[in-house]
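Got some structures for you, see below.
Look at the two complexes coming up: chain A is in both, with chain B in one and chain C in the other.
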Partner chain A sequence: MKKIEETLKKLFSNQYRQRTVSYLIVVLAYVIIETAIRTGNISNTIKSLLIPTCSYIVAALALNLLVGYLGDLCLGQAGFMAVGAFFGVVAAAFFAKYISSNVLVLILAIVVGGVLSGACGALIGIPVLKLQGDYLAIVTLAFCQIIKTLLLNLYVGIDSRGLHFSFITDNTNMDPDGVLVIKGAIGANVTKKLSSFTAGVLLILFALFVIYNLINSRHGRAIQACRDNRIAASSVGIPVNKYKLLAFVVSAILTGMAGTLYGLGFSSLKASKFDFNLSILILVYVVLGGLGNMTGTIVSTTLLLVIPEALRAFNDYRMIIYSIVLIAVMLISNNATIMFYLKRCKEYCRKLFPKRRTE
Partner chain B sequence: MKKLLVVLLSVLCVLSLAGCSGGSGNGDAGSGDGGTVVKIGGSGPLSGPAAQYGIAVKTGAEIAVEEINALGGLQFELNVLDDEHDGEKAANCYAQLTDWGMDVSMLCVTTGPSLAVADMYQEDGVFAMTPSGSAPDIIAKGDHIFRMCFADPEQGVAAADYIAAKGLGTKVFVFTKSDDEYSTGVAASFKEEAAAKGLEVVGEYLFTSDNATDFPAAQAQEAGAEVVFLPLYYEDDTRIIKACQDLGYNPVFFGVDGFDGALEQEGVDVAMFEGVYYLTPFAYSAPDEATQSFTAKFNEKVGYNPNQFAADGYDVVYAIYNALTAGGATADMAKEELNVIMMEQFKTLSYSGLTGENMTWDASGAVVKAPLVFRIENGALVAAD
Partner chain C sequence: MSEYVLETKNLGIDFGGLTAVNNFSIRVEKGDIYGLIGPNGAGKTTVFNMLTKVYEPSRGTILVNGTDIGKMSTIEVSRIGIARTFQNIRLFSELNVEDNVKIGFHNSISYSLADSLLRTGKFHSEEKDLHEKALELLGIFKLEEFADHKAGSLPYGAQRRLEIARALATNPCLLLLDEPAAGMNPVETQELMDTIKQIRDRFGISILLIEHDMKLVMGVCEKITVLNFGQVLMNGTPEEVQNDPEVIKAYLGD
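After this line comes the complex of A and B, so read on.
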């Protein structure tokens, strides 16, 4: 009994409270929704939102690592997601030929999507992170455009001899049993939707685990030091570029994984979906949730994805109301009076459980 | 006391949540028996850059539903949601339509979203007919996914055949929008058929939506093209034709059904389109009574002339209505039963509507109808022979 109490105390101590709350929210939401699914008490509307929401949450968490902890603005999230989505789909189609277990294929596809996206992250990170200021934002934006254009012209087919790639025109020359997985402008064709809500939640938990462990480690403190004062950090011997690259690649890997989860949740996928607007959208989730606040990111992403669907009853005025809600939330979350009341609420909640605090 | 308040509040929260999910659960259960009307669902871009297509289809379908309901027989209810021309949103729309209790579907207006949701319709056994999703892959997704418009490759073939048969020219230049599957699909089949018919494609200019403002018309002129083929939507068509004419270069312009709408643009001098040929199954200026009545009703609703998309939407609803009445369907049937009736009826159904006479459907779900070539003369559409 005492041990449990001690563990609880540790989990809710200042050091660990943030991550405990994050994990708890995700697990609680999962239990509630999964129960609703099992008992059939859930609408199709909510069901169809589950997998995209999980993907966006992971992508937003990864971006929050960059914006919140590294202090660099990255507008290439959509590009990394696209890499993860398209190559994850190819990997899934490829592995499905040899492995019958869906779960294993999904895991392998997510790993491939993450690794390729991470490689892209390293590729542009190495030259660019040496620069200072807003260059990263601009270069990642360009990267996003390049990836979109490349994928629009890419043809990938699978037949008994393996994978065939061709560019601009379809010269894959496959055997008759071959299937085109990526068809240029038409996009990727997903033969089997492997993503599930459970996989999505596990990926969120994985992302949280990676991010919290990174930022609370020696590397993480170094990353934050680079953000706060680059000169001071390098003067005490922190290799700034190395740590920036580390955070950047970790973020790219997680985003790629989110992309694979997203891609395998739909039966077809267009490259034009992964444009600049998607990057901005993910940035909005992060800013609204609070820089460096992982729990906030999860909540804001979910809300901002659910609101447009919930507003369908308003028909033509839907997008206007959505924008008004967005502006209102931004204003409210920056309003001193409201924040004051929120703080009082928090203190009040703590008073409700005095034992835990006094012990 | 305060503790009690918190407990009460949390209980209230849980209850309201339960209430929400309970409510939607009931809605779901209601979809099985259909009710007293046949619910037709669908989605299309009602906002954003492609909005005019969605709005046209929606308005056309609304007119058809109003007419059918006025007949007093089988009653329809229409619900077209906004998918913003995005596959992800289309999937959300599909889920909402299922919750609403959709019986029969118009799938999606545009190709990308149609591809993203077609297999969901197939899995759930809902009959779907897309008014204007023209990629051949859509109907390949299932045996009860049908199409009202021409496929992209058919248009390319028809255009090449017409140019060759009428001797409009032998040297052709093509402008292709490489990030648009409609444009690339039509262009690919056109080039293939052109080669087979002895036409020479002297050049092709590829562009994307990001650089669709500046067109090198001189390239086409220097290549000596007599015909400029435009497998595009009308905004790009307009810019390209303008760019060519600014150079004093006047080849024969040949568009496909995306050209529809060019004459209705605000602030554009329609004189520039004089002599342009294009393929379309529908022209609002056609003198027959059905077209004239539809054009009048459409004009009354939105204040401009209908295009091919509007006619497609209208025809889809009527084709579904004809199949349902011929198969003796009633409004209280479940969507799976309706699907069986529709699949049976569409094997033999012959329907004459705004976009074609005696249209039939083959087993793959593709429509069989003759493409029509129109020419613009004195600012109006004239059927070209």
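After this line comes the complex of A and C, so read on.
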């Protein structure tokens, strides 16, 4: 009994509270939604939104690592997601030939999507992160466009001899038993929808685990030091470029994984889906959720994906109302007076429940 | 092994056509508390920026314990034992006070990225040691009570002390302090003087400091170099400097 109390106290101590709340919210949401699904109390629209929502949440968490903790703006989330989605689909089709377990194929595909996206991150990050200023935003924006164009012209097929790649026109020259997985502008053909809501939630938990463990370590402190003061960080012996690259690559890996989850949740996939608008959308989730605030990111992403669906009843006015809600949230969360009263409320609650104040 | 912790020979730097510092030569011995003074714009901060390789010197050599640091980067200079504070305070202002000091200890801990992600035993034991070391260092500067405050929210004097604590965490042999008493009240300045002597004795390091507060300079420094228009005006003891007509002229004008 005492041990349980001690563990609880530790989980809600200043050091761990943020983390605990994030995990709790995700698990709670999972239990509620899963129950609703089992009992048939959920509409088909919401059901079809579950996997994309999980995927966007992971991409937004990864972006928050960059914007919130590294202090660099990245406009290429859609590009990294696209890499993860398309190559994850290819990997899944490839592994499915040799492995019968769906779960294992999904895991392997996610790993492949993450690694390839991480490699793209390293490729961009090594030259660009040395520069100061907004170059990262500009270059990642360009990367997003380039990836989209490349994928629109890519053909990938699988036959008994293995993978075949060709570019611009379909020159894959496969055996008769071959199938085209990626068909240029037509997009990718997903043979088996391997992603599930459970897999999505597990990926969110994995992303939270990686991000929280990273930022609460000497590596994460170094990353934040680079954000707060580059010159001071190098004056205490922190290799600034190395840590910027680390954060950037970790973020790219997680985003690629989110992309694979997304890709394997639909029966077909188009490169045009992964455009600049998607990058901006994910950035909006992060900004609204609060920089460096992972729980906030999860909540804002979910709300902003669900609200437009809920507003379908208003049809023509849907996007107008959506924009008004966005602007209102921006104004409220940046308003000093309102924040002051929120803080007062918080302090008042603390006084009411003094027990929660450990140490 | 050289007998000098720091030795510079004819150090100089040009910004475009402007020569900011020229022929700057000093020798700092082990355990010295050494003052670098001069009117505003004389080039004192520029000297610190050259020593820490924030600026690349145009001419001259810098030896640290006999090693030429000519080809080193800011990070390597930190690793061989030069630590500094900044005239315009540069803390990691969004992080708390304890984390600021922990970042100073960055290179003295060795657990890897995998240890961080998997929270291994090595991670926990090193972090625990680190926590204790950080609190001990904060104690010297009377900052323990602020350990979980945001660094940017501290009063000015406390921010200056935190910068010194963070610099000391890198385990330096030479500490460079750029106007450590700027913005402090007389009581704080007096305390700072005691602290400076105390850390010299406790850590066995040398200290090179820039300061305008003559009471502090004359009270703690054993040797002084006066800089004027980027040139060394004189080297000497506090008494010699105070009574030198050239120095008085430089400060008061013609």
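Worth a mention:
The criterion applied here is as follows: the second predicted complex is superposed on the first by the 345 of 359 C-alpha atoms of A that agree within 3 Å, B and C clash if a C-alpha of one lies under 4 Å from a C-alpha of the other, contacts with A are read in each partner's own complex, and residues count from 1 in each chain.
Note that in this section a residue touches a chain if its C-beta (ideal position, glycine included) is under 8 Å from a C-beta of that chain, and two chains touch if they have at least 3 such contacts.
Keep in mind that what you see is a predicted model, and the values were worked out from it rather than measured.
In this superposed model built on chain A, chain B and chain C occupy separate space and fit side by side. Contacts of A:336 after superposition: neither chain B nor chain C is touched. In the superposed model, A:184 lies in contact with chain B only, and not with chain C.
When the two complexes are overlaid on their common chain A, residue A:272 makes contact with chain B while staying clear of chain C. Contacts of A:4 after superposition: neither chain B nor chain C is touched. In the superposition on chain A, A:214 contacts chain C only, with no contact to chain B. Touch criterion met: A:234 reaches chain C, while chain B stays clear of it. After superposing the two complexes on chain A, the angle subtended at the C-alpha centre of chain A by the centres of chain B and chain C comes to 140 degrees, rounded to the nearest 10. After overlaying the two complexes on the shared chain, residue contacts for A:40 are found with chain B alone; chain C is out of touch.
Superposition on chain A leaves chain B and chain C with their closest Cα atoms 31 Å from each other. Shared contact residues of chain A, touching chain B in one structure and chain C in the other, are absent. Contact residues of chain C toward chain A in the complex are 52, 54, 73-75, 78-79, 83-84, 86, 90-95, 99, 102-104, 106-107, 109, 111, 113, 115-119, 123, 127, 130, 148, 166-167, 169-170. By the touch rule above, chain A contacts chain C in their complex via residues 14, 210, 213-214, 217-222, 224-225, 227-229, 231-239, 246. Those residues of chain B that touch chain A in the shared complex are 2-3, 6, 21-22, 24-25, 27-28, 46-47, 81-82, 86-88, 91-92, 94-96, 98-99, 111-112, 115-120, 135, 137, 141, 178-181, 183-185, 208-210.
Remark: chain A residues 36, 40-49, 52, 145, 149, 152-153, 183-187, 189, 266-273, 309, 312, 316, 318-319, 348, 352 touch chain B in the complex.
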